[in-house]
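Encoded as structure tokens, the structure appears first; notes follow it.
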Amino acid sequence: MTALRFDPIRLPRECEELRKEVRAFLAEEIAAGTFSPFKPLREDADAREFSRRVGARGWIGMTWPKQYGGHERSFLERYVVTEEMRVANAPVRRFFVADRQSGPVLLRYAPEHIKMDILPRICRGELCFAIGMSEPNSGSDLFAAKTRATKTDGGWLINGSKIWTTSAHMADYMIAIFRTSASTKENRRHGLTQFLVNMKTPGIRVNPIGQITGQKEFNEVVFTDAFVPDDHQLGEIDGAWKQATSELAYERSGPERFLETYYVLTELVRAVGPDPDTRSAEGIGRLVAQLHAMRRMSVSVAGMLQAGKEPVVEASIVKDVGTVWEQQLPHRVRDLAAFVEEDAGNRETLENQLTFAIRTAPKLTIQGGTTEVLRGIIARGLGLR
Amino acid sequence: MTALRFDPIRLPRECEELRKEVRAFLAEEIAAGTFSPFKPLREDADAREFSRRVGARGWIGMTWPKQYGGHERSFLERYVVTEEMRVANAPVRRFFVADRQSGPVLLRYAPEHIKMDILPRICRGELCFAIGMSEPNSGSDLFAAKTRATKTDGGWLINGSKIWTTSAHMADYMIAIFRTSASTKENRRHGLTQFLVNMKTPGIRVNPIGQITGQKEFNEVVFTDAFVPDDHQLGEIDGAWKQATSELAYERSGPERFLETYYVLTELVRAVGPDPDTRSAEGIGRLVAQLHAMRRMSVSVAGMLQAGKEPVVEASIVKDVGTVWEQQLPHRVRDLAAFVEEDAGNRETLENQLTFAIRTAPKLTIQGGTTEVLRGIIARGLGLR
Amino acid sequence: MADADNIVVATAEKIFADLADPQTINHDNDGRWKAPLWQALSEAGLPLAWVAEEFGGAGADLADGFAVINAAGRFALSVPLAETLLAGWLLQQASIASPEGAMTVAPASPKDRITLNADGTLSGRARGIPFAGSAKHIAVVAHGADSVAIALVETARLRIDAGLSLANDPSDTITFDKVAPSACEPAPAGFDATTSMLMGGVVRSLQIAGALDQLLEISVRYAGERVAFEKPIGKFQAVQHNLARLAGESAAATAAATSAADAIAHADAFDDAIFLEAASAKIRCAEAAEKAAAIAHQVHGAIGFTTEHILHRFSLRALAWRDDFGSDSHWAVALGRRIAARGADELWPLVASR
Amino acid sequence: MADADNIVVATAEKIFADLADPQTINHDNDGRWKAPLWQALSEAGLPLAWVAEEFGGAGADLADGFAVINAAGRFALSVPLAETLLAGWLLQQASIASPEGAMTVAPASPKDRITLNADGTLSGRARGIPFAGSAKHIAVVAHGADSVAIALVETARLRIDAGLSLANDPSDTITFDKVAPSACEPAPAGFDATTSMLMGGVVRSLQIAGALDQLLEISVRYAGERVAFEKPIGKFQAVQHNLARLAGESAAATAAATSAADAIAHADAFDDAIFLEAASAKIRCAEAAEKAAAIAHQVHGAIGFTTEHILHRFSLRALAWRDDFGSDSHWAVALGRRIAARGADELWPLVASR
């Protein structure tokens, strides 16, 4: 078994400067009415313009090379921006996927002219990306994907469907895996290839899927002879399995993995007031301690990324612990809020937030790698598999 | 999937009469100094005489036929006696195994003359039994047992060892499974036979094993050509696997499966006094509600046993939920006791109890069927295996 | 509690199966299923099952009504059947005849209090009243200067601010501004707002237990059908153990809720033993709802998070019902205080009293 | 935190491995291993690592001392090394020279208070003092009328009522009955009993984190070796997932404890940010200890419950250390109060302050 490492990271001074800038920016946006930190069920109206303004600040593609529009800043600086956006409940959905997952994949696998075309636009906040992994009959088991890419003149024809693709209804591009060969007996993960897909391609239909939160972020995406040119192939043919694992690491330990329901904690603190009883004080104290410990683990992983390491197991642990925590948080806050005074100024805000957070909770340990898959990864890292 | 049933049982009037008798009896024993309800780490001194007095009251072998010394009373009456004894922390260890497990096995599988000899003595509280299941290399997996019984003139010679045998150091008899044939490819559970073993047999050595509680209930029992006569064979040769499952059901849902650390809850209530703060009140309220719900499930299973049903899954559920609960109880009580006043009259009693209960806790989900095995049984009952 | 031999329960289950199939309802966005369902329930005498015949009801046993409510939970029924039953029971306590049509009750939270004014009118506000907007009448427990009354009020006379529960069922705020009740009688001796809250809590507990029963069944079925990594997910030990835990929570909820119902059905008064039963049921069912819903959703993965799948009908209702007639925290504090006041040596005798 | 490049830590680990091997110690019922171990530690300057050279110590960095304590936790060390380090640090705060030999500190619970009398003597009682009976001196935080002092006291002058912790380590009650200290100096500005309690809490957190690290390693190893149902139990998904959870708890404990240690090592004062770090470490490590110990024992089965197996050395100490220098509940209430007093909008800035 390899020892787990979570070295304490002290965020460098430039991070604190940056944090101030981000906070000032967000305060302006809130004041201008772009979004509200108190209303999770926010519609998408201003997200597009917000995205461009974030891009203009240089906060998308922060760690990428300057030649592609990036800013060559550190993972720790990126971390600070991400957590401030998340805590403020800023509408990041139009650029976050591109920033976190799609951009890094393109950087690594796309041909130069595509990188030069697309990456700067991502950095400017102009492009929204979706990820096409799951299919109706393959959820956690990515390698069971069946949607075909069939070779044709100058490219590939795609047929089949993807599901649970967040933001597909507003995405400009999707990065997806398609079946280019059958799997083999020796390697059931063989035969899938990664592609960049322009969502304006004819033959793509996006069907929104209603969620129990009342939102419609999820979609089914149906491909009917949709054409993808050769230069949109990303990485090795039939070899997506070599790429998928490391890419998922980006998904696994950012502050977004434990802060999704954080807003209820802030409002609980507000609701109980400055002089809570022992019960409320203990409840808040434990939740804050748990949050703090998770954040320090997560910052530590960011530090390892910055140092060029690949902390796959540590990142999986952060996500496992983090998503279970953010899933239970609304229920614990509900318990603690049971005796909040009727006249607490934010009672209604808190109640509405709790309703939304409790409805959101089930998906937190499912999206982007389920608890079961994560624990399998951790067990493998421990040498058990 | 078969629906789970937990019908509400109302204990009949005779149970309430009996309960009063048992409480009066226990109060006398406490007054006489036989045991203390407050001291879990009690030595065995008076347990032997206590056992005989319980037998004299007719509270051992309560459900067995009168011809064997039993009392032909109901499972519900037996339930009441068991829970009162457990809650009072009475020293039942000398007769409880025989009453709960060994007696029923003998009733079912022993030859008539053995039943006539042994069962009445169990009922009188004269005999202490041990159970020989686990071996050094087979824990939860009973069917991996290797200790051999080799046929010889008029009986069998036993060689090998059993481990974790509670009370073996003071037991008169053991009921054990020994290997009489190799397992087969078709049935890996084949080849074990159940025997009654007189612990005074030459060739048996009992080595106590120290436990982290400071007690020495566990033992290793080493057999060296120990002779067991033919008429001590219980049930079918090589067929113990058909018997073992149903017998373990007796172990699975009695009040002893959630009351083992109950004493800390009583003392917590005493320590917080009549007017607790919200934190203590909520903590106690939840623990009592959980206890009450479990007891009602457990009583329900007793009712089903009384009705002649075999509620294997329901009984496993009670034990799974119950043992996990009694394992966590000392920790929850520790939390709640954190702010008990220094001058609470029973503070020291509570602290000593907590120390003992926290040391005891790890074994509760291991002994007599681990959580893992129980959940496997439940999953099978749900139709998943 | 599914008692196939019981004609009342069997009737209710047949109606639910015919007219309130969760799959069908889930695709009916207009609520067209509600009217025929309610009509069938009314014709079978179920909404007023707990009202004596001379007061306009069916005069069924408490036990039968509880079993119907449990069955309604198994269908995640979202019409005010349980509420009308409860309202009828409440009116019956004060010998007030029950009108036809859907009813609900107020208050539905121990924090709220309706005042009976000296002039016989009612004042006050009550939050989270289930189905107030779709009920014709409401049964009210009101407190006078030093008396408790039960009143029947037309909802048309109230101000109703519509709200939605976690499960998107009506959960309204109602305001009594010197409202004259249609009928108002003194409550029987010993009856107060807590009595009504305990009864409401047991009703919700039975509904939660029913919903959990279905969460288990749906999840086990899905685990047997859904294939991942080349086998049904129910073959994975981690999934099996999660479902075993779900079974444990469902079992605990059922045991606690049916025990409390049985206790009330056979009790002479709402004494400490009933308080233990009813409060424990609500606490334990609420705790079970959280764990069971989390496991059921985990087993289902993303599909269970969609409005198209029926899972949310059960999971969100089980969670929403936690909040009505006193949350688990409310009852835990109340029960803990009562236990503490009785003293340590009286704890076990109370627990073992049935 | 195991930093192989660090000479101080490497030295400590070598000594622990040579002279405090858990397996060997577990079979030595007479404690004969203690004297040579202590001698080796003393010769390496470890017990007084935090004391400046001019005050009799080794003058090591705070970071080095913390790393040694974490390593001591990985060996479940049961000699007063951490306590002596802490005592030396405390005395150093008031520029009191540290004597040779084992020391401990008082109070070790936020409930206890030692009074500095007007005549310069000390009075009061402190419970749960680790290793008081085997220490020669004790460093004391004492409160005068409106001043805080740090004192050095010979344990021979105290009444010591021996006790044992959950892990059977000495945990004694000591009584000061107008005891004259060997030295007594005013504490620096801003230093009070809470400061000492926070520092002690971080020390215990590091020990817990070290013990949990070992619980994970021992359990993973055992799961790979122990065969049941014809394969190593580590091949069962349920066991794998339990061990993954154990890894999560161990990781959280390590992250929280080392973060707090790092924060203190680089801080100018014990401000709110340090309070958050130190209190969180103790709270989270205590919570992790409960879960991790339960899983480690579950994986080990009955063998882990025996005195012969080394598991209990780690599991019981991790649990016992929860109680020293403020329990998790104590710190949770204190932290919650501080968070509430600062207000909702100051929560995130505090959490994100490093």
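Just so it is clear, A, B, C and D label the chains in written order, and each chain counts residues from 1 on its own.
In this text, a residue touches a chain if its C-beta (ideal position, glycine included) is under 8 Å from a C-beta of that chain, and two chains touch if they have at least 3 such contacts.
Just so it is clear, the model here is predicted, and its values are computed rather than measured.
**Q** Please report the minimal path length, in steps, between subunit A and subunit B on the chain touch graph.
**A** 1
**Q** Looking only at C-beta pairs in contact, point me to the busier pair out of B-D and B-C.
**A** B-C
**Q** Compute the distance, rounded to whole Å, between the mean C-alpha positions of subunit A and subunit D.
**A** Distance between chain centres: 38 Å.
**Q** How many angstrom lie between the centres of subunit C and subunit D, each centre taken as the mean Cα position?
**A** Spacing between the chain centres: roughly 50 Å.
**Q** For subunit A, jot down the residues that touch at least 2 other chains.
**A** Residues 278, 282, 339, 372, 375 of subunit A touch two or more partner chains.
**Q** Of all residues in subunit C, which are in touch with two or more distinct other chains?
**A** Expected reply: 236-239, 241, 328-329, 333.
**Q** Could you please specify the touching residues of subunit D with respect to subunit C in the complex?
**A** 236-238, 241
**Q** Applying the document's contact rule, which stretches of subunit A touch subunit B when the two form their complex?
**A** 277-279, 282, 339
**Q** For subunit A, which residues count as touching subunit D in their complex?
**A** 1, 3-4, 6-8, 10-11, 19, 80, 83-84, 87, 265-267, 269-270, 272-276, 278, 280-286, 288-297, 300, 313-314, 317-318, 320-321, 372, 374-376, 378-379, 381-385
**Q** Sort out for me which residues of subunit C touch subunit B in the complex.
**A** Those residues of subunit C that touch subunit B are 1-2, 213, 216-217, 220-221, 223-224, 234-235, 237, 239-241, 243-245, 247-248, 250-256, 258-259, 261-263, 266, 276-277, 279-281, 283-284, 287, 328-329, 331-337, 339-341, 343-345, 347-348, 351-352, 354.
**Q** Which part of subunit C faces subunit A closely enough to touch in the complex?
**A** 111, 166, 227-230, 236, 238-239, 290, 293-294, 297-298, 301-302, 304-308, 312, 315-316, 319, 327-330, 333
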